[in-house]
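Scroll down for the structure; my scribbles are underneath it.
Labels A, B, C, D and E are assigned to the chains in the order they are written; within every chain, residues are numbered from 1.
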Amino acid sequence: MIGLLDTLLVLALLTTVGLYVFGANRFAGYIGMAAYAAMTVIVVLVGQTLSGGETAVPSAMAFTVLGYPMTWRIDGLGWFFALLTTGAGFFAAWYMSGEWNEAQPNKRIQHGTLALNVLAMLLLVSSGDFLSLFIGWEIVSWAAFAMMTQLGGPAATAALRYLLYALAGAMALFAGILIVRSATGSFAFEDFAAAVPNLPTATKWVLFVLFTAGFGVKMAIVPFHLWQAPAYSFTPGASSSFLNAVSARMGLFALTLVLIKLMGPALLAGMDIAYTWFDARSALLWLTAITMIVPTYIALMQTDARMLLAWHGIGQGGYMLLGILVGTPLGLAGGLLHTFNYATYQMALMLAVFAVVHRTKTADLDELGGLITRMPFTYITLLMGIIGLAGLPPMNGFVSKWMIYKSLLNTAQPLLLIAAFIGTLGTILSVYKLIHNIFLGQLRLEHREVKEAPLSMLLPMLTLAGIGFVTGWMPGLALSMVDIAQSALGIGLQPHHLGGVDLPNGSLNMLWVVGVLIAAIGVGALIFYFLGNRRWEVSQYDNYAGGHFLSADVRYHFSHEFYPGLARVIGPWYRGWVVKMERGLQTLVAVLGDLSGGVFRFAHTPFYLLVAVSLGLLWVGLFGKI
Amino acid sequence: MHGYGRTTASLLFLAGLVVMLYALFQALPFGAAPMQVGQEIVSRAPGETGAANIVTAILLGYRGFDTLGEVTILFVAATAAGLILSGAGAGDLPKAPGGFILKAAADLLFPFLVVLGAYIILHGHLTPGGGFQGGAIMAAAFFIPLLASPTSPLNHSTAALVEGFAGTAFIVIGLASLMWGEAFLTPFLGKGTLGDLFSAGSLPLLYLAIGLKVGSELAGLMARIVEVGGKS
Amino acid sequence: MSPDALLVAEYLGRALYGGAILLIAIGIYAMVARYNLMRVLLGLALVESGVNLFLVAIGFRPEAAAPIIVGGVTDVPMVDPLPQALVLTAIVIGVGVLALAAALLIRVKETYGTLDTREVAKFLAAEPADAAPAAGTAVAGTPARETVNAGSAS
Amino acid sequence: MTSGANTLVLPIVLPLLGAFLLPLVARFGDGLARALGIVLVVVNIFLGWTLWSAVGTEAAVTALGGFEAPLGIVLYGDRLAALFVAVLAVGALIFWPRAEHGGVKAYTLTLLLVAGGSGLVLSGDLFNIFVFYEIVAVASYGLAASSGDKAGFGAALRYLVLGALGSSLVLIGIGLVYAAAGTLNLADIARLAPEKLSGTTGLAAFLLLVLGFGVKAELFPVNTWVPEVYAAAPMRVTAILAGVVSKLAMVVILRLLVLVFHDPAAISLLMAVAIVTIVAGEFAAYRASDLNRTFAYSSIAQLGLVALALTIPATAGILAAIAVALHHAVVKPAFFVIAAKWRGPLAGLAGGARVAPAAAGLFVLLALSIIGIPPLPGFWAKLVLLGGAFDAGGAYAFAAAVVLAATVVEAAYLFRVVARIWQPAAGAKPAHFAFSDLSPALLLGVILIVATLFVAPIGTALSGAAASAADAGSYVARVLPGRM
Amino acid sequence: MLWLVILAVVVMIAAALLTVFLRSYLAAVAAVSVVSLALAVIFALLRAPDVALAEAAVAAGLSGVLLALTVRRTGLWRSDAGDGKK
């Protein structure tokens, strides 16, 4: 029986093979677009089945190895992430379909690894038990590694770092699933969900820590976050956008699955930490709070546009997990919606930045400026993207952040709310740096002939920004998708309408908000243009400052060390202890390695035998039964 | 670890080893070994193998397979030594022939040693000694002339021939019983009278094969050490 | 057995086991504390002898005959013949291993010009990049680990 | 007696006969000797296969010389033994020595290695096992020095010294067992063990046996020969030694554990040794400076895994041990094939992917499998191992944690090499692989992929073999039918 | 018999110590042969004539000659240096 899910997976497999074979072809991007579009259609069909009352769509694929059965099926939660995956794949392929594609030396690898990642993620989100979850997880990790490492040099170094983090996480996960099996006797999700309340507290804690650490590495929760920004940034454009938009969210998927769906927030809240006010859930909540704040302020210090955005990705992941861990229907809806929203604006942002890189060959924020005149549509995309990232209306980021804040308020967590605000403040500051340093101010001499990005790249960017606006204007569109995911979690649904949500203590209707905003802008424009329009256009260089005329070779665009005051304030806090920890670990391994190696280089090897026999016999004498 | 530090450490560990091994061995029942299998073999060996020397009965009968392995180890060692030394240079060996007395003694000893070796091999199932001891003596017989005049190399190809055929004979004797439906190395040819030269069935044949093989292997091994370079 | 005989057996046991252990220990000392590989080889021979003594001692029974049937008399008590058979095997194995070791020793001396384990270990542990030519035999510019041509090394 | 019991001796005797005849046959040409050797190895594969299919859960037993069990020597052929007879022969076939590394003498030694190894896994007698162990050991000393490489002699001599001392320990251990139990037959010892060997003597005997056999099984701290020998021996010898021969010693330890030494103290001793072996191997590999040594240390760690698996109670542990051992037997020789061409410091490997894409790709495949990435066979081996460990709980969980951490280190050093291979070449380019150079590794790679596809039936078959190998009761009943 | 065995053991241990500490390798090899011969005597006293014969012929005789030849071949017979004690 070939079902919808099988069709989807087979299609993804064929796409991978096909794009690897025909990846060097100039139509590869269109092939990819068609394939991902078809996959998206299938996913939508799956969604219709799921909203029709089915709990899951099964796959005919099933194996039993060494007595361990493996099954695949997709439920609402998996469906939601599958939709993000195929959608992101579609836009990435679109971006790669024209001029970008022509410029790339390694088309085949780019197309192939993208398809491979889509396949791996689809496999992961449709896993039906812990074993297939782990297999999917490993494949996703290695597929991402294959994607990251393709450019060599610093990319390979960053990818290797990622790989070690990912593998360490996977090993924690491996231990976790094996403990689950020895505790419950099977790898099945249902058995675990049924058995987990009765497990000993120690086992629950071990599992919680192992799963959180294992999935948290992919999510880049602090302190497992160091790998992410460089690994994502050194990947070629479309692939990087794809990774930024959805790859790390696989960790969110798995965390939601295990912590919320299988263990449940109530269970976590019941796991108290002795002698403190914390329990497992609140401890993790505070970890997400740190994840929201620290990477955001690290992003502020970046001088590479890609790194800046990638660091934000880490912080944004904190918001999503925060909302999900709040555990109320509103918080869950907010977290999941934020996942969707983030995918739209982050992808648009990354694509826009890479469009700039494509044209100017640099992503260094100190080397750019004034491109608004040369690349206006890219500028608009970026502007809409950062409004979303900062969580301001009318973009969709505002809606999801509002829901998360509201859920924190409703569950009486003001400290976390403040933490979230601090994070948002950092976001606003740093995205201003991004748009200012790239598009505003003085155009550099070498960029005077820069052209707008080609249509093949502009269209997906603008479309994504448009989706971001539309789902900000009518969040009900996205919330109905979130409903399907939420229905699989067993926490309950968040009632909503096209414009937002109605709550007893304050509702949100974006139809009104956007309407008012547009009206206000309209009024402002009216005033500006018709009542007192005194403006006229001059060249950037037809200007003076300090009594001197400005010429193109004088740099008056202020971009270097953008926030010196702020840097002075947060500098003392910025110790890099995680980096030191990582280095310490490396040194430890190296020292242990040298010690072990030294053992093998000893001149008198029979000496070891003597020592081993003597000590062994001593041990036998001491502990052996007489 | 350098100099006396290692010596001291070695002595310490050795002292520990001695003390503990002694404690361990003292716990064993000296002089009253359980002899589970040993006693049974002693009582059954004469009847089952026809050999008066029970050690021989074990070596060739009950544990004949061990013995096959044993001659194989000599063979392996000889082959490996040949492989290793095949490219060796002259070393510090004096090339001058040995003195007249050594030569004369070698000539004189040769027939005596050969006969002695043969005797020990053939009476292996009756008296102490057998293939290994006799083989070693035969090896000495062929080897001493080599000491007397190192320039006259042992005829390796003959040695290899003897070695190969003797080894083959052992296995063929073993396989013969396999063809008759018995297990590998089952004695045959009848048992004879206990104590006679022609008794104990095929065991003396095995011992002969072992003696020839051990003799030729040991002689070959020694010769390789003495000889100078190159393949034979 | 008489009490005297028991006492004799006990002292015999101590002497034999003690002798075997001391032999093993002295052999191991030669292998561990001495630097010359020849001495290591001699130590190995000692260890093997000690083990053989231990094995024979296991099978010994006081007031028993050697395991050879003389004149068809089969009902006298005999020492355990099995360990003797084992030791016979072990002796021959020991000689084989020793011979191979001697062959290797000759080649080691020939190739490295030394039998000092420290020098040999230093050569073996050398990193591939800076493998030091052993005992100054390798000419500069040639790879340090070239194959020794048959018969030409000295 | 099961059908084929009498032919149980053939996998040992036929290669032996061939080895005795080889120097004579070589008079008619080296090629003939080579052909004869290869034919005999193929025959051994066939014999292993027939033994595997002939014995189901009931093992074949033959009493050599017709002397019944505790008195004479018995051969015990179960599926485990059949498997390793075949694997050893396959290894010898794929890595049959080249003419330039010892010629006919090397062929002879390889045949003897095959004969001795087969005897090692088939024999049901403690001292007989020792004899075959010595055959294998002496043959490997000789082969280790057969490259003519300068380092070869020193490495082989140091190996020999360590190995011979280890053999003496084994002999003392056998003496202790004999003194306590009065028998050498494994089944008989198994029968008497609870009564006679449960005390200090038995434990000491186990210690000595494990340390002695551990020299070949690459257990810490008696594995110091490994990096030297694997770096200096000809690649084909290294592949056989690392791939198969080390596992044969493990099979012996397995038999001892299953049949004789169930003492928790003995188990914890082996577990401690195994954990230290894993840690020392992986960490030393992390700092190794060339591929050969990297793989040598990695091989140590893998054998530590096998030893760890053996300590896990019941069938799960034995299944894990067999699975890890077999997987390693496929992967590590292939690695050594690659390392044979890519000698020298790791930095010199930059550009390897450009020069030899097939080798580079194979390297990635093998690395993924040895790290244990699904769905490659290495993952299933690790799954069984760690699953068993977590099921056993307690100290095993700690051991499993060590294994998991070691896996990360393993990935670090393997993929550091991968990253290096994909970098553009800095100076001299790494060596190019001719097809004949790489073909053994490619063959093993194909085996790996095929095993991935058929992992379910292979797992079932191995489970059966493990179950029968773990059944001490049936071992005793088969060997000593009258004496239970 | 007890005294004979003890005497042989003492001789054996003394010879073994000489093996380790004698500076001349040829003498050390001779000492190893003495050990083997003493061992052969012990074996004979322990009612193990086969083993005694083998020990005398193979271990004392052949391996003694073998080791002596090796000493000669490696040039150690000319010098007694190189044992680490400088």
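Just so it is clear, a residue touches a chain if its C-beta (ideal position, glycine included) is under 8 Å from a C-beta of that chain, and two chains touch if they have at least 3 such contacts.
Here the structure is a predicted model, which means the values were calculated and not measured.
Put simply, the chain closest to the centre of the protein, by Cα centroids, is D. Of the two interfaces, A-B and A-C, the higher number of touching C-beta pairs belongs to A-B.
Put simply, the C-alpha centre of chain D and that of chain E have 37 angstrom between them. Chain geometry summary: the mean Cα position of chain B and that of chain D are 29 Å apart.
Distance between chain A and chain E, defined via averaged C-alpha coordinates, is recorded as 76 Å. Rounded to whole angstrom, the centroid-to-centroid distance between chain A and chain D, based on C-alpha atoms, equals 45 Å.
Multi-chain contact residues of chain D (touching two or more other chains) are listed as 127, 131, 134, 138, 141-142, 145, 148, 153, 156, 158, 161, 165, 179, 184, 200, 204. In chain A, the residues that reach two or more other chains under the touch definition are 600, 602, 604, 606-607, 610-611, 613, 617, 620-621.
Chain C has residues 12, 16, 18, 22, 24, 28-29, 31-32, 35, 40-41, 54, 57-60, 66-68, 78, 82-84, 86, 88-89, 91-93, 95-97, 99-100, 102, 104-107, 109, 117-118, 120-121, 125, 148, 150 in contact with two or more other chains. Contact between chains, using the touch rule, shows up for A-B, A-C, A-D, B-C, B-D, B-E, C-D, C-E. By the touch criterion given at the top, residues 28, 31-32, 35, 40, 117-118, 120-122, 125 of chain C touch chain A in their complex.
The part of chain C that touches chain E in the complex is made up of residues 8, 11-12, 15-16, 18-19, 22-23, 26-27, 29-30, 34-36, 38-39, 41-43, 45-46, 49, 52-53, 56-57, 59-60, 64-68, 78-79, 84, 87-88, 91-92, 94-95, 98-99, 102, 105-106, 109, 114-116, 118. Across the complex, chain B meets chain D through its residues 24, 27-29, 33-38, 40-41, 44, 48, 61-66, 68-70, 72-73, 75-77, 79-84, 86-87, 157, 160-161, 163-165, 167-168, 171-172, 174-175, 177-178, 181-187. The touching residues of chain D, counted against chain B in their complex, run 6, 9, 13, 16-17, 19-21, 23-24, 27, 62-67, 70-73, 102, 105-106, 108-109, 112, 115-116, 119, 123, 125, 127-128, 131-132, 134-135, 138-139, 141-143, 145-146, 148, 153, 156, 176, 179-185, 188, 192, 196, 200-201, 204.
Here chain D touches chain C in the complex through residues 127, 131, 134, 138, 141-142, 145, 147-151, 153-158, 160-161, 164-165, 167-168, 171-172, 174-175, 178-179, 184, 228, 231-232, 289-290, 343-345, going by the rule given at the top.
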